[in-house]
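Presented below are the structures under discussion, each in the form of structure tokens.
Common to both upcoming complexes is chain A, partnered first by chain B, then by chain C.
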Partner chain A sequence: MTDATLSGPTRREVDRIQDSYMAQVRRRRMYGGLTLAIFVLLMVSGFVVADDRNAGGFWDGWRQMLDFPADVVSEAWEKRANLPGLLVRYFPALMETINIAAVSTLIGAMVGLILSLLSTRGLARWPRLITVFRRFMDILRAVPEIVIALVLIFILGGGPVPAMIAIALHTAGALGKLYSEVAENADLKPVEGLASTGANWTQRMWLGVLPQVAPNFLSYTLLRFEINIRASAILGFVGAGGLGFELRNAMAWGPGRFDEAAAIFVLLFGAIVFFDQISSRYRNKLTEGQ
Partner chain B sequence: MTDATASLGSAKTSADALFQRKRLTAFAVPAVIIAYLAYIAIAFDVVGLAQRASGENAVILASDSWSYKTHVTRDNRRGGTTYAIEGERKGAYEDGTRPAWVSGDEDSELVIDLEDGHVVRFLPDNAVAYDVPGFGTIEAQLVDGSLNTNLSDPVPDWINLSDQRMTVTTDAGRLTMTRTRTEVFRYFPGWELFWFTLDSPYHNRSFTEIALGDRIDPDRPNISGAMSDFWNNGMWRHKDVAWAIGETILMAFLGTFGAAMIALPLAFVAAKRFSPFGALRFGMRRIFDFVRGVDALIWTVVLARAFGPGPMTGALAILITDSGTFGKIFSEALENVDEKQIEGVASTGAKPLQRYRFGVIPQIVPILLSQILYFLESNTRSATIIGAITGGGIGLMLTQAIQTQKDWEEVAYYIVLIVVMVMAMDSFSGWLRGKLIGRKD
Partner chain C sequence: MLELKSLTKRFGDKVAVDAATFSVEKPMMIGIIGRSGAGKSTLLRMLNRLSDASDGDILYDGTEITALKGAARREWQSRCAMIFQQFNLVPRMDVVSNVLHGTLNRRSTFATMFNLYPQEDIHKAIEILDRLGIAEQAPKRAEALSGGQQQRVAIARALMQDPSIILADEPIASLDPMNAQIVMDALRRIHEEDGRMVIANLHTLDTARRYCDRVIGMRDGRIVFDGRPDQLTTGVARDIYGAGADFSEAATSTAIETLDRTDKKLVSA
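And now, the complex of A and B:
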């Protein structure tokens, strides 16, 4: 009885479905394999090209990789008595690096806040200009910090201010985009309530939107602060002051001042880990209730 | 009755205290921010910086980035006049040729027309005359190594004068005279010689002339000859620029995907659900933290010592830093996978490896891919910066162009290219993300 249902036309139907399913699976596997092959090809040829255009080869360099850290560590160990003094000496430079990061995060967050509210659907002051503000943020984000920093160093001279402006501009673009994504999900009822009492745009944003989004905004800002500490150390290396600048000077000297390089490494590493821990703790706290 | 009053009273005091506190923070937070900014303004010496800021440099930057100048230079010791765009050898006019706005004879009187009535004349015996409309004629001559002029004190502020040197800067151009040479700059808008240098037969030909006209260089077909002359343009170095952009993208590509490939298996070790050994997990996490904490700057410096400048160093610096970041993100994603799908796969009799392949990977792939593609875009920017430090890619060309402080049109060109490159990578990674895991926005 049950056999009868599977015989004849139905049987063939099942076979047909199975065949087409197997064909589909094979096709998918082939596409997957093809993608993988292209990816592997790109990786391998990219590696070969990069190795070819590099001054030192990959395979030679690999063996020397630990030479420099070993030199630094051994020299720092020999002069270990100097280390506390050096740490104290470079502490102001560390403070400068952190200050650059902090102040640029602060300014960037304030500018990004305004830009984000102006470019969020439903909240924008001038809805027609949303696209303009979005493109503006895209451009702020696309320009690498080093470009702005180098141009400003030419005009303003070396020091922390060019780095600060460069990082602040980039931060404004990056945070503006993240803020705007958060603000898009904000509840509009408080805004409408405030509007009914005759509140102007600033009051609606300040009292209706900000209290809703503040935890997320703060969490993104803290994350950005971590990133900006790294960025400000790197910009120091191209002449914008702070720890990076001291590191370049110590490195340019070569052996003999590696103890200074070691002290700077320790300070930078410590600062990054310290602020990472603090900010991740606070970020967890801020987003806990959600 | 009294109870209710008492509780009302206490509620009121606590509400008052709350408002008091809120009012205080409403004022304290802006006050702290302003105090901090004031401290920064003093610590960074913003006032001193405003005084030291070079307005002149800003003007040079703003005008040079969209214009170029042609130099007419007379050697005051040996005689003879040369003409060169931007004063570079690559832009020099060949012997016997010169710009159309120069007339007269080098030995008697050479007339350089700067337009709008500004005319400079190179006269014999190292003398020069410059007619400035509305001011008069400035005459100057070198006599026994010192500079004599008809200018009397006080000279206007657009003339810089000493007994060794005279510089006259007007809207039309600039005249510089020293003991060794007399030089006139005439400015033109645009990026000159962007397509072809003066020694190329295709210079100053229109596009249609090259594409459709008669053969210009008898040895080569027009199109391929023009392509090769453009590609090997010595002034704008299109070939090197294209390689530099390629190197920068290559650094980002190799670094990001290499890091992802290294981090994925390690993330399984660091994830609580897949790694039974607490000590191993803890160790792996500390390694991720360490690698992330050392930061790209230090990795770049260390690697540059071992591998020398170039794209491989940059790629490895990105790879090592991002392995730590990816390890952290991936292991967090792995801890949040849904157990049910793994159980479902296990119920069919799948072995552990198959359980991972069909129960875990499909769940985390969208998260991983979107993170990797986001990093690919952001690493294009990092690669520009790392290139400036290690010496590779477009970052190096930009820093070199800025440090020489004269080719601002090249700086502007590189900046435009970098921004276009980053935006292109941004939309490419967005497009790929849409293709692979479906569009989110």
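And now, the complex of A and C:
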């Protein structure tokens, strides 16, 4: 079926193309093989090093991995009659955790919105300062919430406010980055149209860009809210109040209060599943544009 | 060979293809015409089993295509190649890799994930590209090619499948007249030289008349015309497109020769 060439290169030319393409394929395969070998080597050697440094050792320890959860579950099962009462008792703590997440998501989203518009090419108010705002968001994202929370707790004392500030700062950085990626793909024609009527920067952004990107922004914000519920639960461990604080108190003393720990786990798990479901439903709705 | 028995596709309460029935006895080049929304694409997509029929059967050499599932369905798809209006190539991969995608059904998932194709397949891919006159483009990325070249890569991918049927969904609708002619010539040649059946959705009448052995006209999901190209008179065409007396083919034609024809008419008038 190759003889029917009407136009194009001659037979010898085809051989040349085939040879040069095969050479290219061989080179690519060699690079691919080398990369794979290096990857496997790094994985294996890294694992061995990590295992050597471990106090316990992975191979001896992994069988006991399930011992602690088994202890918690068996003790909680013995005292299962307490569970409903404990759920009611810790419900206010759950509300505190969710409140921390909600407030910090709201504040973080507002700051992130401003930062994102200021750091998007084509939209920025001061194009020369784009890099400054981007690096600022990098810093917000780079410092872990728990570090900010620890510093703030040291200054302000324990409680929900330091946790809220810590999560809000991180959220501003993370959402700003995501928002700015969405805004980068926004159509600039409406913005130009508004500029032609003499609108100022805030008007152009609010009326020209936001209507286009709002569904995506909202979807990212809901995703961040889910993440922040988990984050605020964890921050409770360092004394920021909410469920995490109660969980640490229940677990730190070892056996005896594991029924309380189990109740808190149930609450936390239930809350995360609940908000996960709600927000994923809304996010689907938004992205499908219904 | 190929037989459609009251093939129907419904989207909700809307009927996209309404009891399409026809049979093809021997490999030939068939053009399907009709205005947009008439159900042409839906019909081809059901033939390839990209979408499932709501009702009716497709029979090929006695096999009931509409009942195939899983691996058997994918095996049918590999024997029934499809060419799309927007080419549907993987833009960031090179031309030869795109052509080699035609062998995916025959090769193991693992080997294809790492782009490990046998040397004879690679050579065959380049020979097919040479047959279509674009062998020089072999190492380039698909996205770097012009529309006409990309469509020929898509045809090469279809040929790599070594199919019995080639389905072409508006293969020239996004090409300029010159490239449209090259692509249609290639499809015709494939039919004549390899004896493969070609079924093409076309949006211009003169293309259907010039290249096809048989023309099927669709309107609102129903087949309203089925016959030889010379039976396709202007009256029939008006019927297929639901157009009034002011309908003129030359007005929307994309064939280069049409210019001459209209010029002559103007001169003689």
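Keep in mind that, in the parts below, the second predicted complex is superposed on the first by the 259 of 290 C-alpha atoms of A that agree within 3 Å, B and C clash if a C-alpha of one lies under 4 Å from a C-alpha of the other, contacts with A are read in each partner's own complex, and residues count from 1 in each chain.
By our rule, a contact is a pair of C-beta atoms (placed from the backbone, for glycine too) under 8 Å apart; a residue touches a chain by one contact, two chains touch by 3 or more.
Computed from a predicted model, the values in this text were never measured in an experiment.
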Scan A:Arg125 for contacts with chain B and chain C and give back first, second, both or neither.
-> neither
So, A:Met43: does it touch chain B (first), chain C (second), both, or neither?
-> first
First, second, both or neither for A:Glu13, with chain B first and chain C second = second
Examine A:Pro69 and indicate which partner it touches, taking first as chain B and second as chain C; both and neither are also allowed.
-> first
Given the touch rule stated above, what does A:Gln24 touch, chain B (first), chain C (second), both, or neither?
-> second
Does the superposition put A:Gly32 against chain B (first), chain C (second), both, or neither?
-> second
Determine, under the contact definition given at the top, whether A:Arg257 touches first (chain B), second (chain C), both, or neither.
-> neither
As the complex stands, chain B meets chain A at residues 33, 36-37, 40, 43-46, 49, 52-54, 57-58, 61, 243, 247, 250-251, 253-254, 257-258, 289, 292-298, 301-303, 305-313, 315, 381, 384-385, 388-389, 391-392, 395, 398-399, 402, 405, 411, 415, 418-419, 422-423, 426
Interfacial residue positions of chain A with respect to chain C in the complex = 1-2, 4-9, 13-14, 17-18, 20-22, 24-25, 28-29, 32
Of all residues in chain A, which touch chain B in the complex?
-> 39, 42-43, 46-47, 49-51, 53-58, 61-62, 64-65, 67-69, 96, 99, 102-103, 106, 138-139, 142-147, 150-151, 154-157, 159-161, 164, 230, 233-234, 237-238, 244, 247, 251, 265, 268-269, 272-273, 276
Please give the residue numbers of chain C that touch chain A in the complex, ascending.
-> 96, 114-116, 119, 122-123, 126-128, 130-131, 133-136, 138-139, 189, 193-194
